[in-house]
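Two complexes are shown next, each including chain A; its partner changes from chain B in the first to chain C in the second.
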Partner chain A sequence: MTGLTVSPSVPRKRRSNWQLLMANRLAAAGLFLFGFIALLAILAPVLPLPNPDITDQPNRLLPPLSDGHLLGTDHLGRDILARLIWGTQISLIVGISATALAAIFGSLIGLVAGYMRGATDTVLMRFVDMLMAFPYILLAIAIVAALGPGLLNALYAIAIVNIPFFARNIRGVTVSVRNREFVEAARLSGKSHPAILFTEVLPNVLPVIVITMSTTVGWMILETAGLSFLGLGAQPPTADLGSMLGQARAQLFTAPHASIIPGVMIFALVMSINLLGDGVRDVLDPRLRSGALDRPMAVTKIRRKAKPAPTIENAPSLVVEHLTTGFDDGGHLTPAVKGISFRLDKGECLGLIGESGSGKSVTALSLMGLVASPPGLITDGAVYIDGRDVLGLREQELIALRGARVSYVFQDPLTTLHPLYRVGEQVAEAILAHQAVGKSAAKTRAIALMETVGIRDAAERSRAYPHELSGGQRQRIGIAMALANDPDIIIADEPTTALDVTVQARILDLLQNLRRERGLALLLITHDFGVVAQVCDRVAVMKNGEIVEQGVTDTILRDPQHDYTKRLIACVPELGEGQRFLARVRPLFEEAGA
Partner chain B sequence: MTAYIGKRLLAAIPVIIGLSIIVFLVMKLIPGDPAQALLGSYATPENVERINRALGLDRSWPEQYVIWVGNLLHGDFGRSYILNRPVLDEVLERFSATLILAGAALLICSVLGILAGIVSAVRQFGWTDRIVTFFVLIGISMPAFFLGLVFILFFAVRWRLLPASGMYAVYGGGDLPDLVNHLILPAGTLAIVATGVVARLTRAAMLEVLRQDFIRTARAKGLKEGVVIYRHAFRAALVSVIPVIGIQAGFVLGGAVYIETVFQWPGLGQMLVKAVSTRDLLLVQGGVLVAATVYVLVNLLADVAQAMLDPRLKA
Partner chain C sequence: MTGPAVQMRDLVKTFGGGRGLFGREASTVQAVRGISLDLKRGETLGVVGESGSGKSTLARMLVGLEKPSSGTMLIDGRPWEDLARSGTRAFGRTIQYVFQDPVASLNPRKTIGEILDVPLKLLCGYENTKRRARKRELVDAVQMPLDTLERYPHEFSGGQAQRIAIARALAAEASILVLDEPVSALDVSVQAQVLLLLQDLRNSLGLSYLFISHDLAVVESISDRVAVMYLGEVVEVAPAAQLFAAPQHEYTRTLIASAPRLETAESPA
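Then we have the complex of A and B:
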């Protein structure tokens, strides 16, 4: 537990974007390197450098560290250091100008297309698509071929082939901005289209333009250097980094330093810009900060303060003791489930009820270590299945229990089934994971299971993909999958919430019948007391990560003790109640300040 | 599936027409009067008019375009006056060499990039991930034309492991091992940037997929982690990686220009660079058009492959 602070109510201080950027060591290094190179390039006229164009035949191809030539001389005896710094200046100017040109024209196309929509949009974007249909550098070469080799023409060519990136990005943002209220207001106030575009839309699109520039400028420097390397860009005596490398290539074997020095400079320049660009993007993309893109592990991370007893005697199917789960957000633990305990007997149905965010789903997922981790972290408690603490098991042992002794049915069956596999295969896979049977036997059994859960023409339907089935059928597949290995316990996490009301009733009936026939224990997670009343023997009410009340369903429905339970029960509308429902429920929540 | 392929083929036709219009327009960018340039000091007004009529340049642009496309469809891409042979013959011959180079590079970048991306995502923030991320960063920042020179210096000159240039050995070459031997350095260099991009996007796609609900379902079924990663997560991630590989085909075809120049590979890119400096515009025009058309077809292939993997896309 070292380094973890539990402070649910105190939000951490948000750091400024600049601090975040500097905290990223690579980005800071990129900024430093780029700043240094840019400074050298800017200071080129005042630095004590020899004239980069003065040739000196007797002193040609001097190695680095020669007297008076720190980096040696090239094939015409010119000082490489001087040429390098002046060449860097040219490469930077050309690369940045090309970026600016592409940004101006690309953004203009994107703004107009996104704002006007209709035919203008179609024509402009088709044109942009055509530009993108060329292999990247070949179009630039065709343009240089037509205009003739030269630095300025290379600059134009690179700018043109990069227009599509800007046009597409900017159009996307413009489309979403144009429908916002302030644009509508400006239109109603009688502003002209150009005025709206430049005073209302452009300021909101500007950040995207800046981000696109920062991510493409390194690439454009690289490509202009490439054209110069091929002899299509800078023409002698002007030299950018690319043409220095191109000219030195002829002496590659005798004087490799003349090639390597400008090459390393291009690399350093582009890498520093890329590091910086990645850093900027990371800072601006909130998803990367929240850990939402971290890879979840096979089993939730478990770091318990105390080791509970590994086994207990005479236990029912499931015993949960003091379970505590939270989300570790970089050293800061946000609790979601706070030390809850409950038990589930063989063949019993327990309802776990609460509003969204009350911790009931996290509870359900914690039982088999399925809370995504990072950031999920189980910090305390035990989960006994058949008297054995599963949180103390080795990873492989826990995985072997999943779907075999304890299986799950999840909420939205469209997102919980794999979209690319036939449903029959997915059911068969669950069988094959735990039983030593052949593939065709598994398939036959999968079809039988599908029939059990009430899917007609199961053999034919087993060949369907999830998107080809209705919501109710998909949930039946989910249940068939859960039944595949005759589990003792099914944990159903809001199994009917994503379904139509009539389908809901049928799925609940199905779960109820299966439970009776097979003696299954069912843990039903829901926010609907109507469902609890219909199905559950006992109920536990959850609020803010704690169980506030639990007991036999009938008793609790008749005589709820906790205030929150009363309100949840009141939320079940009665038939024919009509408008009175709201009048009845509203005051309950007003007093509670909810 | 056949219907889907047919539909995609039909959709490719306007794109190819668009390509030809852009190539046509680019050639109209040429400053000055082509007849004047061609005639030089013989450019009397009568001669200019005669040449313009002979080349069809006195007609309107749309007319010129239609005539030009008509010729293209008959396989007439014009004649290179520098090489004194039909443009199409030269382009096809050169392009076959480029296809070998670009195809090898595309194969390398797909296999290595996907593998590196998966490993990097599965071992996120571990050492393997850091090493992959480091090489990806170097790969996408490294000028390929410079890296090629460095490779020649070490692998060909210093260690004498591989040939520095050409497609076949001058004496006694010409068989497959000889070709592969010559292919390793240029294809490896060409693949570097693309490998970095593919690895980066595979990693991102895997991390995105590993967060999906159906992965949680796979875990809840009790599947082993290896099955979850490769059968469930990778299969879904591949759907978004395939178009990326299609786009890389364009970068590899374009990047071949540098690599062929550095390694003296007798392909289309080397031809284009020479043609630009000798102002052999018909050759440039033909080369760019053929490469662009092939690129469109490769992307069509990527679309079809994607639809084969994802049944939702076929509808």
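Then we have the complex of A and C:
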């Protein structure tokens, strides 16, 4: 490998799953409570408990704390503590087995339906829909009625009614995994469909199965208890939490403890499992773990060591001084931008160029405090817009600047435009966010803006949804939104990377013309030296969060000073160079020992 | 064997058009409209075109991931239908595919060793010891360290992952490689390295490449001949140097004119 290769990311200090689970206090409490109950249930045969099935009529309905019966006795004089612990054991076994059965069959249906798609998918999923069309408990009762009452039949019934839940969940995940390229790659490697399903797809779906199981066990126990309560599950004299509750119902007023005690046990068991299940889901779900589902704060957290001067005199449009941004990863700060400084004059175009991971996008987002926090954190530096340090402003003032004085154009407008609103409305919304104008006035302005960015039949096209437009047109809409409030500075983050070359040329022309006509300052972030050469007056080269070189584009392209810049430029193939390109770059990598 | 590595004649691929549940005919899209192309042995044929030009559909038909609607293909002298009838393994042994996104094409839950094992076992039918030796050779061939085999895909950068994906394609010992935008997701310096690697492998193993890209300069740097695709048709085929020096077709000229260049032609006012 050469010095230029992006090294594999330094292993980040990730907290282990166990630590994460323990950090969630509710989940930890659930785990300990559940562990305690499960331990009691497992130890039932060795605990010094009286036989739970021996009746003792003279001592019926003794209150708790009676002599020899810690929790009293029931209407037949049986020891409630013994029945409670044995009953918990049965409820747990039934609940967990039912979950396992439902998980196996439900996941199988989901996997096959999601992988095969087409007719198989339709038939299997309509079958699942049929199961779901019946009221839940009614279906369970019907199944038990058909099979005859009994604990085992109740288990089957509960497993069957829960199959749809697993099947639908797993099918959804399978569909998305199946469309990933590694599945096709496995086919080209010679794997058969069943082998792909079970060795390539299943490992990627497994976490979802585990998560779904952990969140359903509690329900299953509750349902078993429900069926037993109705007399359809455990048959006398077998103790089971639901049947204990059902049998004690008649004495609810004379001896409430006989029904309250199993009720509390069901509550404790189901609560603890659900809390634990939520905790397990939070730990295993990668989106939750990465914090992607956390609500980010409105402005990046700013914790600067030194307070810079709040204003500077005679400043150009944008001055960035010693900007430092990092990501707080559980107490460990990973720097992404390390003290960079640059300035942007009115009407000027500065190119910020770098390879992936060089920190150029984080730089762009830091300027307006748009880096998601947590984990983003600005630790040093200042951003002056018209001489005022915006990082020192109050939150509301900074938000008011966004889109008004400084606006952004992003790489892929398909992901930044809202798919359910017409593009005209979205441009109008950008106007309304900052200007007190009427709705129809905003609409007229929006259409005018769309004409400015070169969309033909703008009035007609303003009624289109984003997916009805081509990539180039969508990017024009993105630019129209950026222009909505006559900003002074536009920050364009890889605005043409997702576009074809012919479209790219036209979008770059558009940006160039707008800059000339409106005196806009443009900060163009890109990885492409060709784009820089075409539109930028000056260029700054970023590497590992630092600017290694900046200057006038022509000079840097013709006479790069820093080794990194030299290499970057040398690695760009020139049209018309043909196979000489490879011969030219070969020594660059050989001397580095590749 | 003589004859070209791949021969395509009047290849057409139409998507959609099936009947729905209630007998309504779905609308159709012609992704590939009558393509005839030859890939000679030991040659690199570049295919350039913009999104929607049908170049990926063409590639996917070649490796058997899509079925052509009409037309004929000879791959390594064997008709496409023959290969299709004998199943994916027959395809895998003759022609291999390198995906655009290297990270997405490697199963995140398998080590590189496990990933490379599959084609060696299923396509080449090697014994355990032979497989272990081959895996080390392959990792070495794509200039990666040996401990690569025990690691997982997420531990590698894009360029390294693409080397691994190339190693997997080589594992099948097929002599034809279809490379679908193999360097588009990579940084320029890494891109140059992967291109060098591809060139070395072709020269040392006598491979034939169908190299698909939207980037003219990249295609030019590695290809012997270049085919330009536009809306599902090949509008021009010519030796690389000739195509870029004297483009014949109007669309080729537009493509070449649009490509960004390093010389700052006009200094912006």
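Here, the second predicted complex is superposed on the first by the 427 of 594 C-alpha atoms of A that agree within 3 Å, B and C clash if a C-alpha of one lies under 4 Å from a C-alpha of the other, contacts with A are read in each partner's own complex, and residues count from 1 in each chain.
Going forward, a contact is a pair of C-beta atoms (placed from the backbone, for glycine too) under 8 Å apart; a residue touches a chain by one contact, two chains touch by 3 or more.
Just so you know, these numbers come straight off a predicted model, no measurement behind them.
When the two complexes are overlaid on their common chain A, residue A:Pro149 makes contact with chain B while staying clear of chain C.
In the superposition on chain A, A:Asn314 contacts neither chain B nor chain C. When the shared chain is aligned, chain C comes close enough to touch A:Leu188, but chain B does not. With both structures placed on the common chain, the touch criterion links A:Thr254 to neither chain B nor chain C.
With both structures placed on the common chain, the touch criterion links A:Ala533 to chain C but leaves chain B unconnected. Contacts of A:Ser440 after superposition on the shared chain: neither chain B nor chain C is touched.
In the superposed model, A:Pro296 lies in contact with chain B only, and not with chain C. By the touch criterion defined above, A:Ser16 lies against neither chain B nor chain C after alignment on the C-alpha atoms of chain A. Counting contacts by the rule stated earlier, no residue of chain A appears in both its interface with chain B and its interface with chain C.
Across the complex, chain A meets chain C through its residues 1-2, 4-9, 180-182, 184-192, 200, 203-204, 349, 355-356, 471, 500-505, 508, 512, 515-516, 527-531, 533-535, 537, 553-554, 557, 567-569, 571-579, 581-582, 585-586, 588-589, 594. Against chain A, in their complex, chain B makes its touches with residues 15, 18-19, 21-23, 26-31, 121-122, 124, 137-138, 140-143, 145-146, 149-150, 152-153, 157, 204, 206-208, 210-225, 227-228, 232, 235-236, 239, 249-251, 253-255, 257-258, 261-262, 272-273, 275-277, 279, 281, 284-285, 287-288, 291-292, 295-296, 309-312. Residues of chain A that touch chain B in their complex: 126-127, 129-131, 133-139, 141-149, 218, 222, 225-226, 229-232, 242, 245, 249, 252-253, 256, 259-260, 263-264, 266-267, 270-271, 274-275, 292-296, 298, 365, 368, 370, 372, 399-404, 407-408, 410, 412, 415-421, 429-430, 433-434, 465, 467, 478, 481, 484-485.
By the touch criterion stated above, chain C contacts chain A in their complex at residues 50-51, 63-65, 88-89, 91-93, 96-97, 99, 101, 104-110, 118-119, 122-123, 143, 155-160, 165, 168, 171-172, 187-193, 195-196, 199, 214-218, 220-222, 240-241, 244-245, 254-265, 267-269.
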